[in-house]
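Alright, structures below, take your time with them.
What follows is subunit A paired twice: with subunit B in the first complex and subunit C in the second.
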Partner chain A sequence: MAFDLTVLVPYLGQLADGALLTAEACFFAVLGSFVCGTLAAFAATSAEPGLRRIAGAYTGLFRNIPFIVQLFFFYFGLPEIGLYIDAFTTGCIALSIAGGAYAADVLRAGILSVDPGVVEAAKVSGLTRLATFRLIVLPIALRASVRPLGSVFINLILTSSILSTITLNELTGAAKIVASTTFRPFEVYFVLLVVYAGLTYLMSLAISLLHRRLNRYMAEG
Partner chain B sequence: MIAIEKVGKNFGSTTVLDGVELAIAPGEVVSILGASGSGKSTLIRCINGLETVDAGRITVDGFDVAEKAGLAEARRRSATVFQLFNLYPHMTALENVMLAPTMVLKRPRAEVEAEARALLERVGLAARAEAYPAQLSGGQRQRVGICRALAMKPRYLLLDEVTSALDPEMTAEVLAILAQLAREGTTMLFVTHEIEFARRISTRVVFLEKGRIEVNLPTAEFFSEAGGLANPRIARFLSRMAAPEAAAPLSPAPTDAHEAS
Partner chain C sequence: MRYADFTWHDPIILLQGLGVSLWLFLATSAIGLALGIGLALTRYYRVPVVARLVQVVAEFLKNSPVLVQLFLVFFGLPAMAHINVTPVEAAMITLAGNTAAFVYVIAVSAMEQVGRDQVEAARVFGLTRGQIVWRIIAPQALAFAIGPLIGLAVNQLQVTSLVSVVGVMDLTKVGNILNMRTLKPFVVWTVVGAVYFIIARLIAALGGALERRLRAHAAWAGL
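The block that comes next holds the complex of A and B.
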């Protein structure tokens, strides 16, 4: 059988649906992991030892368990205790929590690199701790953190392929089905390869733009 | 009135402030002089609540900075200008000045912006309002820092060596603004190594030595032979400060803090 992409034409709709589902899941996962990561980084850098410990437990735990195990636990385990969540939502939540653990570490490092004098200026001006974090610490930390955060998000896109294991026909799931109906795995997975590369490329492009925007007029720290 | 009553502060086993008593009444310009390590910055940081005191009490218009609510009120009544400016690097000069009045005092943006622009204009930075700190010279940054403090309409201005990171020319431009503020009756607590300037603008001079207030005198008296200069430590300090360039290369190690005793 020669390499012939035209055999996939009838299945393009199916693959496109899968790609769309992947994009949607990734969109929510990136947002969710940013939120989880920010909350955990706030806790990890707070003066409250209790909060720091919780943040440490969260990142330590979720970075040391295979993602597929976390996913199965949420999807197959939780119904056992009466918690039913649909596959898509479960997938987004699991990705957010796992990604958040990595994002938290990246953000924590960014926060610790913020000039303490600048934070003190905000404090003595009367800003609350939360306002100081939101308006001063986080935006400055993001300047340094946005690139490594981009790597976390790219990893999230790659990891999203595992969602196919919980009946979600996202890109990888759709591709498996198409491959088994057409018996053309070479073409199918070739397309898959290109689409994932395209998605991650878009992500790194967005991160570069964001990085440039956050760092304009910031020749020096 | 800022009242500092028997304040003590330790870092570990080192005593940095020891029984400091000082009152700053509205309208006064009090300069704090003292060798490096004598506790000047720590005193300022205790007043604005960046450090907590270990003994005694500090109140700003009666509000105790050791209490949460008291500190919030004290911080509304005082503003700090920092040695290294500490501007928000991701905000323009204008945004730096506007942040606290809008976020802390919850005042309407338009009103705050008009005032902020007027303040920047007053320090000669009207044209640089949209510039980011990294695009400004040191002197310009410090002028923004002063505007940021003044935007809160503080009753008390706390200044900790606000010109020591600047070259002489920039120092002059910042001091000119502070002199103007002093003439207008702004209450200031002014930590400085600019002796001549302190002499010109302050109503009172405090000399800090190893965390203790060695003298606290009206300016003219402090600089008189019978007053402050009669104290050998102060005389030595002043003569050393008068010719720092000449002194520096001769001294083998920085002995400022430990010498006198």
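The block that comes next holds the complex of A and C.
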């Protein structure tokens, strides 16, 4: 069978729907993992040993268990305790929690690189702990962390393909259907490879822009 | 009749699944390591077309989901090239190729880490190119690369769980079967998750010990 991409033309709409669903899931997952990661990083760098231990357990646990196992745990487990939510929401929650564990480690490193003098100055000025974190520490930490955070988010896009295993017809799920309709799996999955590479490239572009914006007051070189 | 309860067979099946996962992990890591280092050498020796091609392919493998790569090999190859690929073979090809791409990137940056002046000094002493790679660059590059390689190993163990999707009887697939039979997702997935967690921590601990050994010469020995 010759390599022929034209057979896919009638199915482009179906694939585009899948790509849109992937984009939506990734959007919520990026937001969710940033929130989870920030909370965990706040706990990991706090003065309270108990909070630090909880944050350590969270990142250790979710970074060392395969995402597909976590996903099945939520997808099959949540209905067991009476929580009936659809596959999309389950997927977004699982992605947010797993991505948050990686984001937390990146943000923690960024926070620890903030000059202690800055934090002391904020304390002396009478800012509360939360205000210090939100207004002083986090913006400074983000300048250093935005690039490594970007690779966490790129990984999140790639991981979102696993959502196809819980009946969600995002990009990979849609492609599976197209592959079994056209009997052209090689072409379909080859195109998919290129599309995912394009999506991650867009993400890295966005991160570069954000990096430049966050560092706009920094002196050049 | 339904056997919905856990039986004493279940831990044995789980161990068999663990065996398949570990075997896949070790085999693909070994192949991927050798392949990745070999490909990094094409770049070091500046092999004309190959080096560039390898770089592009590695970039693609790094920036696409392993699941899609697995589908491409398992469903795509048989349709395109008319060869039969069993689930285990597809898993081996995909995981080895994916590991090789990441090892390639780590190896390239580790080799660049070794100063140019050392290579020049070695050349002045009359060492051949092979000797320079083996005696000067390899030991230092390894000490630099060992940390990222251990991180990669922990990650690749988790990636092996994806092969359950094409029907390889690994730990995750066994978990899936037990889950469907017993309908006790919390118990099954907690046990499966705990097993992966323990193995990942073991790999990290072993890697940490290895790293300390490799870097022993660079550590502060005291006066």
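Throughout what follows, the second predicted complex is superposed on the first by the 219 of 221 C-alpha atoms of A that agree within 3 Å, B and C clash if a C-alpha of one lies under 4 Å from a C-alpha of the other, contacts with A are read in each partner's own complex, and residues count from 1 in each chain.
The rule is short, and it goes like this: contacts are C-beta pairs under 8 Å (C-beta built on N, C-alpha and C of every residue); 3 or more make two chains touch, one makes a residue touch a chain.
All figures in this text were calculated on a predicted structure; none of them were measured in a lab.
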{"item": "Contacts of A:83 with subunit B and subunit C, given as first, second, both or neither", "value": "neither"}
{"item": "Winner by number of subunit A residues touched, once subunit B and subunit C are compared", "value": "C"}
{"item": "Which of subunit B and subunit C A:112 touches, first, second, both or neither", "value": "neither"}
{"item": "Contacts of A:131 with subunit B and subunit C, given as first, second, both or neither", "value": "first"}
{"item": "First, second, both or neither for A:16, with subunit B first and subunit C second", "value": "neither"}
{"item": "Partner chain(s) touched by A:196 [first = subunit B, second = subunit C, both, neither]", "value": "second"}
{"item": "Touching partner for A:120 - first (subunit B), second (subunit C), both, neither", "value": "first"}
{"item": "Which superposed partner A:209 touches (first subunit B, second subunit C, both, neither)", "value": "neither"}
{"item": "Which of subunit B and subunit C A:5 touches, first, second, both or neither", "value": "neither"}
{"item": "Contacting residues of subunit B [partner subunit A, same complex]", "value": "48-50, 72, 75-76, 79-80, 82, 84, 86-90, 99-100, 103-104, 131-132, 134-135, 148, 152"}
{"item": "Subunit C residues touching subunit A - in the complex, by the definition given at the top", "value": "59-60, 63-69, 71-72, 75-77, 79-80, 82, 154, 157-162, 164-165, 172, 175-176, 179, 185-186, 189-190, 192-193, 196-197, 200-201"}
{"item": "Parts of subunit A lying in touch with subunit C, wherever the complex brings them together", "value": "1, 3, 61, 64-70, 72-73, 76-77, 80, 154, 158-162, 164-165, 172, 175-176, 179, 183-190, 192-193, 196-197, 200-201"}
{"item": "Complex contacts: residues of subunit A adjacent to subunit B", "value": "115, 117-118, 120-127, 131, 135-136, 139-140, 143, 214, 216-221"}
